[in-house]
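Two complexes are shown next, each including chain A; its partner changes from chain B in the first to chain C in the second.
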Partner chain A sequence: MLSNTGITLVILTTLLSVLIIYKSFTELHIENNLINKKIFNLVTFQTTFSILSFFVLIAGFIISDFSLVNVYENSHTKKPFFYKVSGAWGSHEGSLLLWINILVIFSFLFLVFTKHNNKSYLLYTLIFQNFLILGFLIFLLINSNPFSKIYPIPLEGLGLNPILQDPALAIHPPLLYIGFVGSSIYFSAGIASLISNCRDKFFAKSIKPWVLISWSFQTLGITAGSIWAYYELGWGGFWFWDPVENASLMPWFVITALMHSVIVLEKRNSIYSWVIILCLLTFTISVTGTFLVRSGILNSVHTFANDPSRGLYILIFLSLMIFLALAAFFRYSKKEEYNFFLKSKETLILANNWFMFFFLTSVMIGTLYPIILEVLNDTKISVGPPFYSAVIFPFVIPFLIFMALGPKINWIKNKYSRILSNFYILIASILLNLLVYFFFGKYSIISNLIIISSIFLIIHSVKDFFIFFKKKTESDISRIVSHLGFGMLILFIGISHNFTVENDFNLKVGEEKKFSGYQINFNSIRMENEKNYKKIIGEFKLVNLKSNLEEILYPEIRIYDQPETLTYEASIKTKLSADTYLTMSNISRSDYYNIKFQNKPFMIWIWISAILIASGGFIRLIKIKTQ
Partner chain B sequence: MLTKKVKNRIIFLIVVIFIFIISIFFVLKSLNESILYFHTPTEINQKKNLSFDKKMRVGGMVKKKSILSDSKGVKFVITDLQNEIIVSYSGTVPNLFAEGKGVIAEGKLKDKKFFIADKILAKHDENYMPPEIKIKSGN
Partner chain C sequence: MKKNLLKIIISVVAIFIIGTFYVSLKKTEIYDTKNLVGTNLDNFELNSLNKKLKINQDLVKKSQYTLINFWASWCAPCRAEHKYLINLKRNAKNLKLIGINFKDEKKNANKFLSEFGDPYHYSAADSKGKVSINFGVYGIPESILVNNDLKIIKKFIGPLNQDEYTSILNLTN
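Showing the complex of A and B:
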């Protein structure tokens, strides 16, 4: 029943997108400034059907309809309601349907909200967006149908991998996908703008809100993924430079570059071709990332079920997409004159792009090099965190300083006049860095420089913030918030990276252990039953020997029945100043439990900073709306 | 003579190319220093010029009933169904570390039969098997 409804809705969506492409082409030849009402209606229907099909899938998960293979493989009757719903996008098939939904919704919103634009530009955008929608719909129908049936109908599902049953991970894919897939709309708009000759300022204005939306959501999505890794994986870190994580970071670099370049295009009517390249690149890299993750080519710890045949289709589709985009670009691009002065805001915004591309290239080399080497001479290697720290960290220092100084410089040409105030701020940051040094202890020169430059950026942003509240003119609150967030992010990552206290040891119940200023007592252990798992709860007393503070921590070992899996739940006590993090694991049912203890300063602030960065994008969006 | 504009442009290009080469060199150099080679127990057994002081990764399946743990740490055997290697490790093992499941150990070789790990990785997928073993065990 549900299967048929779902499939019908998906096929209707497919037919509608063919119809929209056809209608838009015929509409192009009609000399008229208004778009036919029929096209609006078609797009509205398409959006409705596509959303309905996704609701049908969610309904299948909620009522546990195991006649659907997808529900059977990823759900279970005893699973909590929330995770039944999130199971709908937990699998490959479901997430592809979500992907298509976002494509469709963005095309609908773009059409509705960009009313006063050039007609042929809008129609071409719609055509290309629908080609993308069609491509993914065909992929869904021939290879990854979420509504496939199974017979005989199983009585019980296989269950969702327990480590995916986490609130942060439940919202992680939708957030990330809005970022990834949202970039499709300016991919389509980019090609449309080339063909319809609707360029420059006008184009910049029309894509800016979409760039901001996808950028903000992608920032939040990456943050949610990191939070999940921190809470759930039990090793206390949140970023591993794993290929799958890198695949989500690479598009972020390009969107960030795009977001800054669009401002130059809007204000100075320049670098149009570069903005187009970035528009095309963002979505291409997003799809490439998905291709690498889904095909299983990348050797990652976050490997979920995957299938090479999926990869092949995405690869063909991707090559076609890149080829068409490049063809359109070379066919229609025009030569441009650049007249930039070195000391101008445009130059510094482009400096942001240089850095973004440097980061992008290094992450890309680190991610792809193992694959290339394996193809060339069958050696398997992995590139670990040391590579990224060595390559990226040194460049973060000038990057932060440019971030602080760039926004202060005028458009077109600037004379430096604020050298003295910058000097004071630099002195203040060095002093604050010394304070960190005395409070926490020694750390490397490069960390010192990173912390100094991040404090430099923070002070600058805070200063701008006060100026904004005094004058309420000129200064740009969204930029200040995002830059402040970034400065804080780097500062707190720097501090927590350098000053985490960590210890691993094995203990039996009743034993105690002393190390570097802490004492841990393993008090007791008990067992409890939950809805879909049993849990073993350990009780630990943690004493900070310096301040004599006592804390009780309860890490858990969970034994899920469906599928039968062990997970270790960390016990995390979050305070504004630091997180204490304790995991307990048991190896092959011996009396000894392995305990991992960490004290991580300012962890909560890392999440706050990341959310601050994203909220800058949302603030700008609201500002555009109210103008 | 070159005009001032052309001169500026040439200088700019040279600087850009110079920075580009420097950064690529820098990237490749750190890449070379921080790559970890991945071996199976059989490869370790057969290879002649293994380095004993460079970190590497060893992957395979945790041999059934081979896990021993005491107050210092844990010892287990990684097998690829042809050869085996003993791994000693102290620290937390990941969620899905278990007998008969795929595992990757990161650390240094002591000799061809003994590996001292400082990190244990396991895949998030409970049904995951390293591709090498999948082929050999025929499923």
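Showing the complex of A and C:
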């Protein structure tokens, strides 16, 4: 029943896509300035059907309808309600349906909200967006149908991998997808702009809100993924430079570059071609990332389900996209004149683009090089954190300084005026760094420089913040918030990276252990039954010998039945100053448990900083709306 | 002229990247475990975890059945399947177990074996994980059941459970 409804809705969405493309083409030849109401209606219907089909899938998960293969493979009647719902996008098929929904919704919103009288620009955008929608719908129907049936109907589902049952991970894909897939709209708009000759300022104005939305959501999505890794994977880290993580970071670099370049295009009416390249690149890299993750060619131990036929389809689609984009660009782009002053604001905003492209290239090499090498030379290598720390970290220092100074320089031409105040701020940063040094202890030169430059950026941003509240006109609050967030992010990552206290030892109930300023007592152990798992809970008393603070921590070992899996739940006590992190694992045929303890300073501030970065984007959106 | 050159360079780079993706996509099919059953084990050679011994296909030929198990000390599900491996060593008569220690440190691996018990007749170390990937390992734990003609009879993805344990016992006894 649900299966038929779902498939019908998907097919209707597909037919409407074809119809919209056809109608838009015929409409292009009609000489007037208004878009036919019929097209609006078609797009509205398409959006409604597509959203309904997704709700049908969610309903299948909620009522545990195991006649759907997808529900059978990824759900279980005993699963908590929240995770039943999030199971809808937990699998490849479901997430593809979510992907299509975002494509459709963005095309609808773009059509409704773009106040623009260039008809052919809007129609071309709609046409290309619907080609994308159509491509993914065909993929869904022939290869990854979430509504496939199974007979005989199984009584019970296989269950979702328990490590994926986590609130941060449940919201991670939708957030990331709004960012990833949202970028499709300016991919389509970019090509449309080239063909319809609707360029420069108008184009910048029309795509800016969508760039901001996708950027902000993608920032939040990456953050949610890191939070999941930190709380769930049980190793105490939050970023591992895993290929799958890199795949989400690469489009972020390009969107960030685009967001800055769009400002230049809007204000100064230049670098149009570059903005177009970025528009095309963002979605292309998003799809490339999806290809790498879904096809399984990354050979990562994290990827379980992969299917080469899936990969082949995405690859064909990706090639079509790339060559369409290249052809449109080569055919329609025009030569531009650039006349920037070296010390103008544009140059410094574009400095962001140099850095973003440097970071992008580094991460891309780290991710793709092993694949290329394997094909050419049949050797397998893996590129890990040492590569990224060596290549990326040193460049973070000038990047932070540019972020602090760039916004201070006036449009077009700068007068050297504020040198002295910058000097004071630099001195203040060095002094604060010495304070960190004194408080926590010694660390490497490069970390010192990173911390100094991040404090430099923070002081600058805070100063701008006060100026904003005094004058309310000159400064730009959204930029200040995001830059402040970024400065804080680097500072707190730097501190927690350098000053985490870590220890690993075996204890049995009743024993205690003293080490570097801490004492841990293993008080007791008990067993409890939960809805879909059993858990063994340890009770530990942690005493900080310096401050005499006591805490009780409860790490768990969980035994899930469906599928039968053992997971170790860290007990994490979050305070503003530091997180204490404790995991225990059992050692069989012995009373001892293996205990892993970590004290990680300022962890929560890393998440706060990341959310601050994203909120800058949202603030700018609200500003555009009110204008 | 200059512009044309640029076009050509960009197109070539795009084609190169797509081509690479295509070739590696074809290669991943080799890793597809569905096709592994019924095929013959490729030749391999690994160092023993602790002894001065080469572990290769000749060891497999010596016993009627061999279960090759991929594991690591950092892998939680490996602990869950451990009891079945121990029972297999005890109860399966015609079966030898080879444990391949995947992307692990020797110290941690030995600690694991001394704490939980050593279910393996031979232990091999694959610290970089390369040889295991050639066996078609996606993620660990995984196990491959082979006979003395080096033919792969069964492949188990994920931790072994009671049913799989019984089926191995029935097959080999």
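Here is the rule we go by: the second predicted complex is superposed on the first by the 620 of 627 C-alpha atoms of A that agree within 3 Å, B and C clash if a C-alpha of one lies under 4 Å from a C-alpha of the other, contacts with A are read in each partner's own complex, and residues count from 1 in each chain.
Everything below uses one rule, namely that a residue touches a chain if its C-beta (ideal position, glycine included) is under 8 Å from a C-beta of that chain, and two chains touch if they have at least 3 such contacts.
Only a predicted model underlies this, so the values are computations on that prediction, with no experimental measurement involved.
Trainee: Would chain B and chain C fit next to each other on chain A once aligned, or clash?
Mentor: clash
Trainee: Does the superposition put A:Pro386 against chain B (first), chain C (second), both, or neither?
Mentor: first
Trainee: Between chain B and chain C, whom does A:Phe358 touch in the aligned arrangement: first, second, both, or neither?
Mentor: A:Phe358 contacts chain B only, not chain C.
Trainee: Mind telling me which of the two, chain B or chain C, contacts the most residues of chain A?
Mentor: Looking at chain A, the partner in contact with more of its residues is B.
Trainee: A:Leu233 in the overlay: touching chain B, chain C, both, or neither? Say first, second, both or neither.
Mentor: In the superposed model, A:Leu233 contacts chain B only, not chain C.
Trainee: Figure out whether A:Leu315 sits in contact with chain B (first) or chain C (second), or with both, or with neither.
Mentor: second
Trainee: Which partner chains sit in contact with A:Tyr568 here, chain B, chain C, both or neither? Use first/second/both/neither.
Mentor: Both partners.
Trainee: Given the touch rule stated above, what does A:Ser590 touch, chain B (first), chain C (second), both, or neither?
Mentor: both
Trainee: Now for A:Leu326: first (chain B), second (chain C), both, or neither, which partner does it touch?
Mentor: It touches chain C, and chain B stays clear.
Trainee: A:Leu576 contacts which: chain B (first), chain C (second), both, neither?
Mentor: neither
Trainee: If we overlay the two complexes on their shared chain A, which of chain B and chain C does A:Asp504 touch? Say first, second, both or neither.
Mentor: first
Trainee: Using the superposition on A, tell me which residues of chain A are in contact with chain B and, in the other complex, with chain C.
Mentor: On chain A, the overlap between the chain B and chain C contacts is residues 299, 301-304, 380, 563, 565-568, 585, 587-588, 590.
Trainee: Give the list of chain C residues in touch with chain A in this complex.
Mentor: Touching chain A from chain C are residues 7, 10-11, 14, 17-18, 20-29, 31-32, 76-77, 79-80, 82-83, 103, 115-117, 129-130, 133, 138-140, 158-159, 161.
Trainee: What residues on chain A touch chain C, complex-wise?
Mentor: Touching chain C from chain A are residues 291, 295-297, 299, 301-304, 306, 308, 311-312, 315, 318-319, 322-323, 326, 330, 368, 371-372, 374-375, 380, 563-568, 585-590.
Trainee: Show which residues of chain B lie in contact with chain A when the two form their complex.
Mentor: 23, 26-28, 30-31, 33-39, 57, 67-74, 90-99, 121-128
Trainee: Show me the residue ranges of chain A that touch chain B in the complex, using the header's touch definition.
Mentor: 161, 163-164, 233-235, 299, 301-305, 358, 361-362, 365-366, 369-370, 379-384, 386-387, 390-391, 504-508, 563, 565-568, 583, 585, 587-588, 590, 592, 594-596
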